[in-house]
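What follows is a pair of complexes built around subunit A, which joins subunit B in one and subunit C in the other.
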Partner chain A sequence: MNIRLKGRWWYLAIFLVAIALPHIVTSRYVGQIIIMGYLFSIATLSLNLILGYAGQASLAHAGFFGIGAYGVGLLTKGGVSFWIALPLSASLAAAIGFLVGLPTLRTRGSYFAISTLCLGVIISIVAGNWVQLTGGYTGVVGIPTPTPIRVPWTVEIRFDSLLAQYYLVLAFLILTMFAMHRIVHSLTGLSFMAVRNNEMLAEAAGIDTFRVKLTAFVIADFFAGLAGGLYASIMGSISPSTASMELTFNWLVYLLIGGAATLGGPIIGAFVIPIIMESLQFLAQYRMLIFGVLLIVVIIYFPRGAMGAILQLGEKWRREWRKRQEEGPRVAASQRP
Partner chain B sequence: MQQIFNGIMLGSTYAIVAVGLTLVFGILHIPNFAHGHLYMFGAYIAFFLMTIAGLGFWTSLLASVAVMGAVGVILERLAYRPLRERPHIDSFISAIGALMILETSVIVIWGPQGRRIPNPYPGIIEVLGVTMSYQRLIVIVAAVSMILLLNLFIKRTTLGATIEAVAQNREGAMLVGIDVNKVSAITFAISAGTAAAAACLVAPIFIISPTMGALLGMKAFVIVILGGLGSIPGAIVGGYILGLLEAMGGGYLSAAYKDVYAFGALIVILSLKPTGLFGKEVA
Partner chain C sequence: MLLQARGLSKNFSGLVAVNSVDLDVAEGELLAIVGPNGAGKSVLFALISGIMKATGGSVYFRGEEITGLKPHLIARKGIGRTFQTTALFNQLRVVDNLAIGYRMRTSSGLFSTLLRTGKWREDTRRTMTRVAEVLEIIGLKEKAFHFASTLTQAEQRKLAIGIALMGYPKLLLLDEPTGGLTEEDTREISRLIARLHKDLKITICLIEHKMRMVMELAQRIVVLNFGSIIAEGAPEKIARDPKVIEAYLGVEHIADSQ
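What follows is the complex of A and B.
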């Protein structure tokens, strides 16, 4: 495995902070916010795959999150182990994504965005009206926490404390980050970006663009379902608002402000923005107003968000640095008689 | 019969809204997803003028159309013009920003609860066993005349021809001296204005709420795509089809799922004929 060692200390530092965090922050309230931040990071990362890398605006993302959430909620309430219910529900989200992707991914640009938006609305309407299955608008309550894992001859790992749940979600976030990292740095990831940058050209270069888009969509939906399943089990209750458009829009804001098509951006967005919003409680009413303005400003002036801006600055500095280093000897040379 | 009448009434409003959207989406190629929110905002302005300022129904309607026309121009200038040369998806995201702003403004100013505009024409008549309220009849008549006027405007006036010219070939239009920016602004003003007019017409029948825009905006997109991009007749026919589909489906099948039909229809049609029912083949 070829890993660039440069800059790895940076990841390690963040990782250590994440591990130590629950011991530093003891407030239950803050802990909850951080867990939500992790869950939404997973969701935003998966949205990033389809929107940021493959360039297809899937606006049914909360719908797939909802499918995962309802899947896990209903299965674990019915007595199925969490560890079976979670992959099953995420796969269900992926399977529905596949079926929906077949017709909708034949369309391009805004058409795809609109069809997925419609799908998202359909999912939340069904969740609200299929009372026998989903409990209607009251939703599903009393979902058990994740099933304990029994490690043979030692203790069993239980997930009923906030601390254990924190590490569980962190583990899944790292898993998602790792998966995303591998995907976008693989040939598949490159073909996602080729399709995003120029679909016609990609097709001319022999890429099966439909298949590429479908792959991105299905993977993104799988991870959205995974995030949803974790959410259901940790929150303990879900309702049709778990699949609402507003949630998709929130992730969209996190993603774009954090930085689309970067791996760090979605996490920064999903973390920093809710925390800022929590600390500015008096602005709660104006929340979406601020988001709206930010969204327009960011898309016009910083299409790659905060992370993109940071990368750009870094690139600029590096170039300056290199220029200065190249100039150094030259100056010295010219001074020679 | 009652359902058909309701369907035609609903279809009339859908048709106006969809024609407004097709001007912007089909002709300027701007996926103005905030279109439904412009409609909602128009209804609220009329509500404000009628109940608080105490103006009459028609005066409020005209004032609302004027205000929304201006809002449309501002929206185009600030949220869409800077993105003209960028991929569609960027304008779409900008539109989502715009709709968040519009919806939250209404919630902040007027509150999240539904409001009711007093019905100016409360009478009803019965024809062949179908109950028709005057307001509903007015909606149909006003909608049909607006659609006709708009069609005349596009086909018979120089300004209308200019808009069509820009639609057909932006560079060509610029070459013969058409100010594309001005045309974009005018198209947006017309689009937002017609949405506001449709909203004011039906507002006395339904309750108005800040969230009604999102659903309507999506339906308008469904109609525009159903009817074929940029096709005004397509948008009109699509509007009536959707109105009837919803009224019949809601009346005979299940009212709770009435919004599902429209969106389901979209996904089905897109998979069968991606260019829409009346669509020209696009590259």
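What follows is the complex of A and C.
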């Protein structure tokens, strides 16, 4: 109970900082970077569900992000309200995930990774070549900002300022974290981890592993689509690069370095890695060299990434502190003449 | 008959691992399956529990055919099993390991999980109650919140049995539950198995190499060699069967009884 309360205080502290942040940081450039960080946090959190918790490497994640982005982009340009287009596009991403998962998740091991790798490439090729629908490689431009919400008898909430967009994206990030938290801390989440840890035992213990994997995949794709839809509406323009493999691999790095199978890891990764990337700009293409080494070191020594290391350190300190508290009076007693 | 196998066979592209085995397990029985390494004992378990697909024959459980069913469906019908190389969810705590074994008896889905409905709370409560019960049975209460990977060998075996117990199995298939354990630990696991059989009235099928334990524990013994049953009967009868002594027990049995 005590530990849980401590956890809640942490949440509250971070939440307050996030609320206050746009009033502390007034630079438009930094504001935009933070919004992107939130969007990619949602994408990485959802990748975490299928890869970190269920242990299935979905390499089409940016593809589903792209489906959400094109869905919202095209629908809202066609006059559909953002608030209808967003859930519709996220559901489309989930539905496509379901159809793709049906054949590919029946296999064990690397087949799923290979099939989703192909799917990711296919989605970005389709986005680039289905010119009538997607506008080809020029993409979709002039996507309207999210439709204002009319609160009866009071004000109208508009989303054309950076500040309003910041809070909108933050709200969706919190929604995503809330959903992930509930899933992970439940019997459903436990069955995800069972499949990741030992699929054969999970089966023998009565878990329908195929269904578990499919569920994880569909939820992950829904939230990837959601992040993509928000991205389209806030950026105002999208192109096939919105669904590119490069993006998937970026999130993969955020996830592995931030901490797979932790709830904080994806968010740490989505903020820390771009900052490191920016500050290493002077190294040009050689910074990839540093990243390669960093990734290998993290995977070998910190299998649960930065968040895992933080948790380990916290546990160690707590133990030290408790030990010192126990020893304290004893040492004092023995020093007495 | 609780379990009936008829003409059960497994053929690995030419290599016959299990050769037309007929096996009957009566309700309430404690049956041991013995035989030299590579006799096909573990493959037989894999065929019954659905981990492997049989190339011939059929399996009936409580009168219903279960041949070719997926492992999780067979588990739900009431067959629990452990593996020879102790299989656990190593990255998870003891309680979580056990809770996974009860998932098949709860049904709260995604929406009740997201909304934490009454059904979700009820399922969670039922799971925790069963976890506490099984912790008591296998005697791992003190280690409830330890990670499975940090347990001792004997504790790991108990946990593996515990996972299989969670869903109220009618039949337990235990694949070498004491393999590689010290004598003292072996006795402890034997006592646990005897208790499951006597107190909880679970029918048990046991693969075991330690003959002394088998003789003490089993009511009936089936001897497999090269994928076929070469003898079956009461322990005393098996111990005196010249065919068995020749094929397998031979040296080990003589050494053991001295």
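For this structure, a couple of remarks:
Definition applied: the second predicted complex is superposed on the first by the 306 of 337 C-alpha atoms of A that agree within 3 Å, B and C clash if a C-alpha of one lies under 4 Å from a C-alpha of the other, contacts with A are read in each partner's own complex, and residues count from 1 in each chain.
We take it that a contact is a pair of C-beta atoms (placed from the backbone, for glycine too) under 8 Å apart; a residue touches a chain by one contact, two chains touch by 3 or more.
These figures come from a predicted structure and were not determined experimentally.
Comparing subunit B with subunit C, more residues of subunit A are touched by B. Look at A:163: by the touch rule set out above, it reaches neither subunit B nor subunit C. Applying the stated contact rule after C-alpha superposition, one finds that A:174 touches neither subunit B nor subunit C. By the touch criterion stated above, A:208 is placed in contact with subunit C alone, subunit B being left untouched. In the superposition on chain A, A:110 makes contact with subunit B only, not with subunit C. In the superposition on chain A, contact is made by A:300 with subunit B only, not with subunit C. Of the two partner chains placed around the shared chain by superposition, subunit B is the only one that A:125 touches, whereas subunit C remains out of contact. Across the two superposed structures, the residue set of subunit A contacted by subunit B and also by subunit C is empty. Here subunit A touches subunit C in the complex through residues 179, 182-183, 186-191, 193-194, 196-198, 200-209, 215, 219, going by the rule given at the top. Against subunit A, in their complex, subunit C makes its touches with residues 49, 51, 70-72, 75-76, 80-81, 83, 87-92, 96, 99-101, 103-106, 108-110, 113-114, 116, 120, 123-124, 127, 163-164, 166-167.
Residue ranges of subunit B in contact with subunit A, taken from their complex: 25, 31, 33, 78-79, 82-83, 86-94, 96-101, 103-105, 107-108, 214-215, 218, 221-222, 225, 256-257, 259-260, 262-264, 266-268, 270-271, 274.
Listed in rising order, the residues of subunit A touching subunit B in the complex are 51, 55, 57, 100, 102-104, 106-107, 109-111, 113-115, 117-119, 121-122, 125-126, 129, 245, 249, 252, 256, 285-289, 291-296, 299-300, 303.
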